[in-house]
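Can you keep this structure in mind? I'll have questions shortly.
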């Protein structure tokens, strides 16, 4: 926790600077022929999609760690990763929808990637609901950890959906099997900067949330001790 | 003046006749303790006095109110502490008491509720869901209702079970105060020692009727 | 030879520390009775001894079996009569006992089951669903399991509650036989008078530890 | 009497909503149901319009039954149902409270499902959405009324369980059919929902008149 | 160990058949859904064939959800769940027993629903009915496995039924899709159900491998 306290501020600063620089790059990047201005959504959409998946990965790993080592820190990180992941998932869905309107002519289509991403959002909310509605101490952490691990089957589905099924959605741009880079060289630098900024932003959010969770738990202990001393 | 009068009360569950023409009269400030074997019908009798079931046979008057047509008024004047705690596991003690008070249309401030919770020794746990309370803690909370409602008649089904020795002392002093204030108590118990601290009239329930002593019951 | 040994047992629910480094050793044929205030952790201790929860801290050996790796073997050697009756309301007493026996892989003939049901005074009710049983009848049926399973360790949480005086006598003689046969008992109770009929070692649970007498507990 | 009914409903609904993320979990429950329907039927635009009434009513039925399964769940734990009946309010008030709670929850879920269905299935019926919702409300009134009574039956009685299904089905089927037809009638320009809505109203009146009476009779043992 | 599992399943199934509580409510619900859809679509023969797989799977899913809400109902009454965990069998056996009981009930309901649907919707697929049922069984295996685990998880939760649905529906969505597609593939002459059945098998294996493990973790407090 001490470590988290120390890195919180630097992370925030770097995220802010990165976002500012990234956005500056984005608005100075060349406009795509076919896509026009809407291509700029890419720079939000892709990094937030990656972060949504990454947060779930973090959640899965810390859940396994919690069940295995009974480490409370792992549980705190797991609890913190959920709302952050949900936020990024929501941003991905929203930016994708906004982008979809000019590109595909519809806000929403039921293709494999979109559906599996929606499922991810439901999962995130399910995890939050489960944790808050089990009031037996200890049980909620364990139950959410188990559920998170089972829910991880959705990750490969999201990631490989564009390969496994014929979808509306773009196939992977980096090192795709087809080998045709859909992202041109000029688009790459702002994307990389934005990606780095989003990573810092995500880390910052998780750290803030984790410290809040830890503080809340600490407070409960103090509360109990105070009441015990009052006897 | 007679305040509670039961005459010719019979009750059966399916084919099993549990109470057979039972009579009981009580005056204000009196305490009747029901003794009897397991399954003899003590809880059934208390439940009938609470008007939870409609009576199958017989007549029951409380303070002049007839259960046949004023069930709701009778219920308003009594508190029944049964084997079941009637607590909602997901609510805290304060919320449970508030719900109880609302159902009885009592006006209770939050402070009063908290004081009551503290009075039964649960101050520390006032804001935790009751599902995980220990048996005695639940019992204490159930008894706290009596403090709120100030009823005319108190029906207690084995109130001492699960209470620790301080709890028993507290309960007995509370009940003595209650009796002194003119309240009536009908209690079922298996524990003559603990009841001894109360001025009471023992009654023995056997074969569906009440007897004044164990001897007369056995013959 | 020491048959039961608990060392350094701690347990907390969420942030509430209930047991703090508690020790207990027992030999065959011994009976330990736990006294303590409501909410002091008696039931929690019994539940831990039943291996229903995994232990958070400490070590627990029964007949040389370590709870850390032989939970199922330990469970096979004990019967836990808790606050809850564990009965299925839609099954009859005989069916309930049969289910219990099957879970423990005991071979019980229908006759044996019926005899056991009669032995606890429920012969008349052997084929009625238990949901509508009285509190004492449920308790008797719960205790009937002990007769079937013949365990090495008996964990009893307030076994006397709801039993009538004959029931208490029956239970005490059954427990005395059990101890004479080399069984061990850990019991939680609020009732020193009733336990008096048993040769036992009292223990007082306070602030998460066990004390030999009430005095030492208070200081 | 109303105070007590309100209290019971409050405990079931507000008590539920205030704590935790109940509201958002209901919303996402609704979304999940739609994902399932999408996966099952894969409707295109045209068939979606035809499917809509059926989907809506199937979810009404499902959510209200699901709610009904737990109407008395909170009361089961420590014999709290007995506690309710010991209240000095008439038994009708207890019924009213339980019914209101269930009604509110079902309506809430339905209010989320309806627009979501229209968005996700691309059905353009926004100009009649209030009518559709109105029809749903009409159906839900009767359905939950009857449902709470039957839930109480299964809770209080010994083996009336079978009775539940046997009774509820023939009673509810006509209501559901009327609801589906009325919804379909409302959605198209030249529909004639009138008679079906009348039928819905008749069912509502009958069920809501009978249910409290049946409830009091039932628990009076 | 198997004996104990069998006993637990036996108690649930026989006890249930005797009281016929969840069986009848599941059946009731399924039939009501069929009535709703029949009223909504009044499908002609052709569209009925197209609808059938989705309809079957939607009813499978929702009826089993209704059943799952009650898996541990019998155990709630007197803390009997604790009693199960005190048995000297491994916790996996407890899970197995509960799962088997639920599986049997769901299969029973489904075995009644399938011919009923085909009659109601006038679908002539009697010659492949065994194949359709086989596909349903495959899906139900994984569905109930995961479902029983989630039911155990949400047992003590507030608004349990919504939560259960909220958690289960997204997780089984892929299974549902595979099931619908496989059923459709089985029903037509030149269908290719192969890959979808493989997918079903994969999900069955994953869920049935994870569920007992998760259950043991969960109750090992």
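We call the chains A, B, C, D and E, going by the order they appear; numbering starts again at 1 in every chain.
Following the convention adopted for this analysis, a residue touches a chain if its C-beta (ideal position, glycine included) is under 8 Å from a C-beta of that chain, and two chains touch if they have at least 3 such contacts.
Predicted model only: the values in this text are computed from it and were never measured.
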Worksheet entry | Minimum number of chain-to-chain contact steps, chain A to chain B | 1
Fill in: Remotest chain, chain D as reference, centres from CA atoms
C
Worksheet item: Most contacts: which chain pair?
Response: D-E
Practice prompt. Can you check how far apart chain A and chain C are, centre to centre, with Cα atoms defining each centre and the answer in Å?
Written response: 50
Worksheet item: Distance from the CA centroid of chain A to that of chain D, rounded to the nearest Å?
Response: 36
Discussion item. Taking the mean of the C-alpha atoms as each chain's centre, how many Å separate chain D from chain E?
Written reply: 23
Discussion item. I need the residues of chain D touching at least two other chains; which ones are they?
Written reply: 19-20, 22, 25, 28, 32, 35, 39, 42, 77
Discussion item. Where in chain C do residues touch two or more of the other chains?
Written reply: 13, 83
Discussion item. Touching at least two other chains at once: which residues of chain A meet that condition?
Written reply: 115, 119, 122, 125-126, 129, 133, 135-138
Worksheet entry | Of chain A, residues touching chain B in the complex | 135-137, 227-228, 230-231
Worksheet item: Can you list the chain A residues touching chain C in their complex?
Response: 136-138, 217, 220-221, 224
Practice prompt. Mind listing the chain C positions that touch chain B in their complex?
Written response: 13, 36-39, 43, 83, 121, 125, 132-137, 139-140, 157-158, 161-168, 190-191, 193
Worksheet, complete the sentence: Within their complex, chain C touches chain E through residues 50, 52-54, 72-73, 75-76, 80, 82-91, 99-100, 102-105, 131, 138
Item to complete: Mind listing the chain A positions that touch chain E in their complex?
Response: 67, 115-116, 119, 122-123, 125-126, 129-130, 133-136, 138-139, 142-143, 146-147, 149-151, 153-154, 157
